[in-house]
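Labels run A, B, C, D, E and F following the written order; every chain starts at residue 1.
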């Protein structure tokens, strides 16, 4: 009995994943600055949108406006993607910007879960992106609070039946707690080659599925991300 | 006088161990994300089940449902394996899910020991897996509390006469406290070879037995884990 | 729809950036001592001044006098650049030196924002440099306070529509929080070659634009910074 | 005037030590998991037992039962070796198990010293093993408490005239405080060679004696430890 | 408009600096033990003395006596150099030794500034050496206190119009806070070459001036420091 | 004017030092376990004794008895060397063992200074060894307390006119605070060569004197330490 998979929308990546991500699970995409985490996540939502599925992008760092501007580079129509971003009022308090309203619930774990629940129910959201977990992490007081909050978030997404990508800001090679707790890990990176910094992708973990264990070259072009799933890249 | 051994169910590993694990002892399986800790542990329980032995899998990170889905990939019938997982109620409190009941005892060391004792007695459990110790570790307030809790857990498993595998999430090469305190250590890892990340296995320690001191290649196929105990793998 | 770009004034860098920086966004320039962060930032303001745009340089470490002296080396006329520096009174308290007045508002995040707002409105400032964020960081009590302060600052600059360069003092290769939160990252560095330390530049990240992914040689001459955007430099 | 030496019972090691350990002193054996610390220590007690000397093994981590089982592999008769282990009562408190009695004095430094004194006097113990110091270390509140406790323990063993081996769990290459405070240091390790992990031994320090400064191969066979004191092993 | 420069008195270094240090600014000389920081600093004061300029050496670690003894090796007449050192009274309190008086103001930042001011005014001091900043750093309670104290000190020296060298004890290669805050950085080091440790010098940063970016060999002879500014030295 | 030097008694070392150590100053000898710190220090006292000078060895780690036993290996007559060691009473308190009396002043910085003063005056001690500073360090509450205590100790030794060697337990390559504060640093180490660990010596710093900047081989034989000051040793 094979588990049902859904496509990420990045052709080479779906090949590496033997068909895509397992439906209803949460995955982490880890990478340093400029490695393509946000673009990869948006590909994943665009693929759903192409098939009429609603997607939700929880933007904890960039504004919805900036994300839209950046994605315009790839000629994408993001109208079916709900982008929820955050805002700060004059007193310095951050809140969640619901339906483009200026004021919204304060930015806490409980309000994030409530907002996600509202959107998921209202729009029948099937694909969720949280960009980034690192931002979510700084809301927690201690490392243990974060682990608990993360488990709560993962349990919530699982209960709602969403397939999710959670990005993590990290350029270190050591494995992170999030990588152990999620169903799979995609690592984005740079490899220096004769003075040029080439983008790369590697699947580090994928529960319940076989997958390609090579580090592959990745290019960001005006069509988004292309992965050369037949070429190798040495670190 | 040779000590009685039981098979892990992974053919190549039993060869490396000169017959298997010593009955009644606790072992640690250490590895980074995606190295096969859970699959190896389940092999160990499946081997017992094949011989009519009851096995208990204490799932502190994944849900029982996800574990069953993931293992389905290998065509395994997990009905004889008791999988105890954990759940979170609406107030955010985690508890142990006993016999699939929704509510259960709060997730503490004492309740874990009580639950293990109940299952061991009721079903005459002979093989136990705790996946993972890292999760157990975060329940303890300090490093010393953890060492004490771990010694209590190991003493308990020893008194009950169970043979146990405790997984540890770690991708670092430094030796861990758990490795010193358990009867043996199996290290799972990745080795990069021309851009491909190959799985590997090494036995670091095995009290009371001789064992194969090579790093060996490991493959995860649709039959589970296969170990090439006659091939070498350089790091 | 391509985003509107503005030139940095360093010819080779504008080539690497495919035209320049995206208007209205904030960028970080990271580098160790002596790598050229201040000179690069001043090029950026001089380019605006050349076209009649007002520029603001918030000097948190050097005095306005020293900056003017250092830039004199390149024959630049800084009269159109507003340089706001800081001063310390006899009691040891630091304050912002507004319009060359000796006393000014105390050096706090809120006063920095207020001062920036005043200048931006009064002179219609379009380009802002903050030199350095590291200095700003030491005003915050904890790492989380700093992250929050930085997000507030970035939000402010974005709302005001300014294009900004924020410098960061760092010679480590690990990615920094600031690199994830800003729209792009330019890394300045040294590369040792046969006992000589050559300056280098690399674009690590540039949201919403393609860019040159090579490490390129950089020279500081009596004309300012020159980048050899067709030459490679191995680390 | 040469100092009186006693054999360790490992032939190759006695050759490396130019006759053995200096009588009445304390030595540390440092190594990672699986390097043979316990087996080497037991060799040392067995050598005394062969000559009618009583030996004491203070087991702070394994149970006496497990140690006996593990050593059975080498066909050793441990009846002359007193093994003192520790136990935990239902309330979770650890105590020293004196003469196999279930209850005993609580596990504290003072009680350890008292127990050692009792055994040493009652059985005229001449050789002592403490396995491991790392366990002893976790009983102390701070690093300074540990240093003081260790100095007290070393002073005590010296006053009693015992020759002692204290094991330390460590796989790091940095020198430890214990290595400076004891009369000699034997380092056990693994060396990777074409994918195989070979055991090795090196004498790092030996006050009052010359010694072999090579790293030598070590094998654990069904006779215990064999050292190839004429072969070299590169790290 | 070129900035006015003053010679350091080390011929090869003045060549590397294209004439010397910029008048009225503060520089850091960073290096491990034995790299020549004190000798280089004294060269700088001797050069001023040669031209009738008064120099002040604030000795926070060695006694004035020891400094004079050590410099005697080079045949220098230090009579025109004011050396202010520190002393400790019977109660253990450290104070600044003004004009060779035994008692003096307590060793605090404010008293250091007052003492510097007195000397500068009284003797019209133009060149100042503080040996070392590391000692100054230990007077501050926290890292932030130190940064503030250092900024105060740098501001003071700048206001007084002195050209200053501040030494820093460090053998690490990471850039230090002091290097970012001062106008230039000279790094002294050792390079191992076939078992010999050769002294080296490198200019890491020099605001407002071009400079030689090579690592150059440095020798300490009975004439003081000689720099081979035409020879290269690989690390 | 050359400073007066005294011999260390190790022929090859005196050659490396161009005659010996400068009279009246304090030096540090740094090294890992087994590198020969104590033997080198005793050579230094023996050299004084040979010429009728009294020497004092403050033994903060080994007992006087053990030191005498260890040095017997070299056939040395230590009768002219005063060895002051420490002892612990039944309540666990450490004290200084004056003139072999069992009880003595408590082990504190002030009592150490008083004891040193008594011995120096009574026996006209000219050479002092403190073995080790690391032990002295653990008596201080914080790092700053230690730096202050160390400065007090160095000032005291300087005032008394003693030439001193202070040993430091360290196997790390980073420079230590003690190395910056003392007049010279001798580094003892091991170098691995084809599986053999060879002893080595290097002078890292020597104020007021030129010295040999090579790493040289060192051997410990039955005559004590021999240094091959014409041979090189690569690390």
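Here is the rule we go by: contacts are C-beta pairs under 8 Å (C-beta built on N, C-alpha and C of every residue); 3 or more make two chains touch, one makes a residue touch a chain.
These figures come from a predicted structure and were not determined experimentally.
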- Note on the structure: The chains touching both chain E and chain F are none
- How much rotation, in degrees rounded to the nearest 5, is required to superimpose chain B onto chain C on the basis of Cα coordinates? 120
- Same or different residue numbers at the chain C/chain E copy interface, by half rule: different
- Relative to chain C, largest Cα-centroid distance belongs to chain D
- Task: Report the inter-chain centroid distance for chain A and chain E in whole angstrom, where each centroid is the mean of the CA atoms.
- Result: 52
- Message: Just the number, please: Cα centre separation of chain B and chain D in whole Å.
- Response: 30
- Query: Which integer distance in Å separates the CA centroid of chain A from that of chain F?
  - Reply: 60
- Note on the structure: Note: chain A residues in touch with at least two other chains are none
- Query: What is the shape of the graph in which nodes denote protein chains and edges denote touching chain pairs (line, ring, star, complete, other)?
  - Reply: ring
- Put in order round the ring, from chain A and then through chain B, what are the chains? A, B, D, F, E, C
- Message: Can you tell me which positions in chain B touch chain D when the two form their complex?
- Response: 1-3, 22, 25, 144, 147-148, 151-152, 155, 158, 174-175, 177, 179-181, 183, 185, 202-210, 213-216, 232-235
- Message: Considering only the defined contacts, which chain A positions touch chain C in the complex?
- Response: 32-34, 38, 61-63, 66, 69-70, 72-73, 87-88, 92, 94, 132, 134, 138, 169-172, 190, 192, 194-199, 220-222
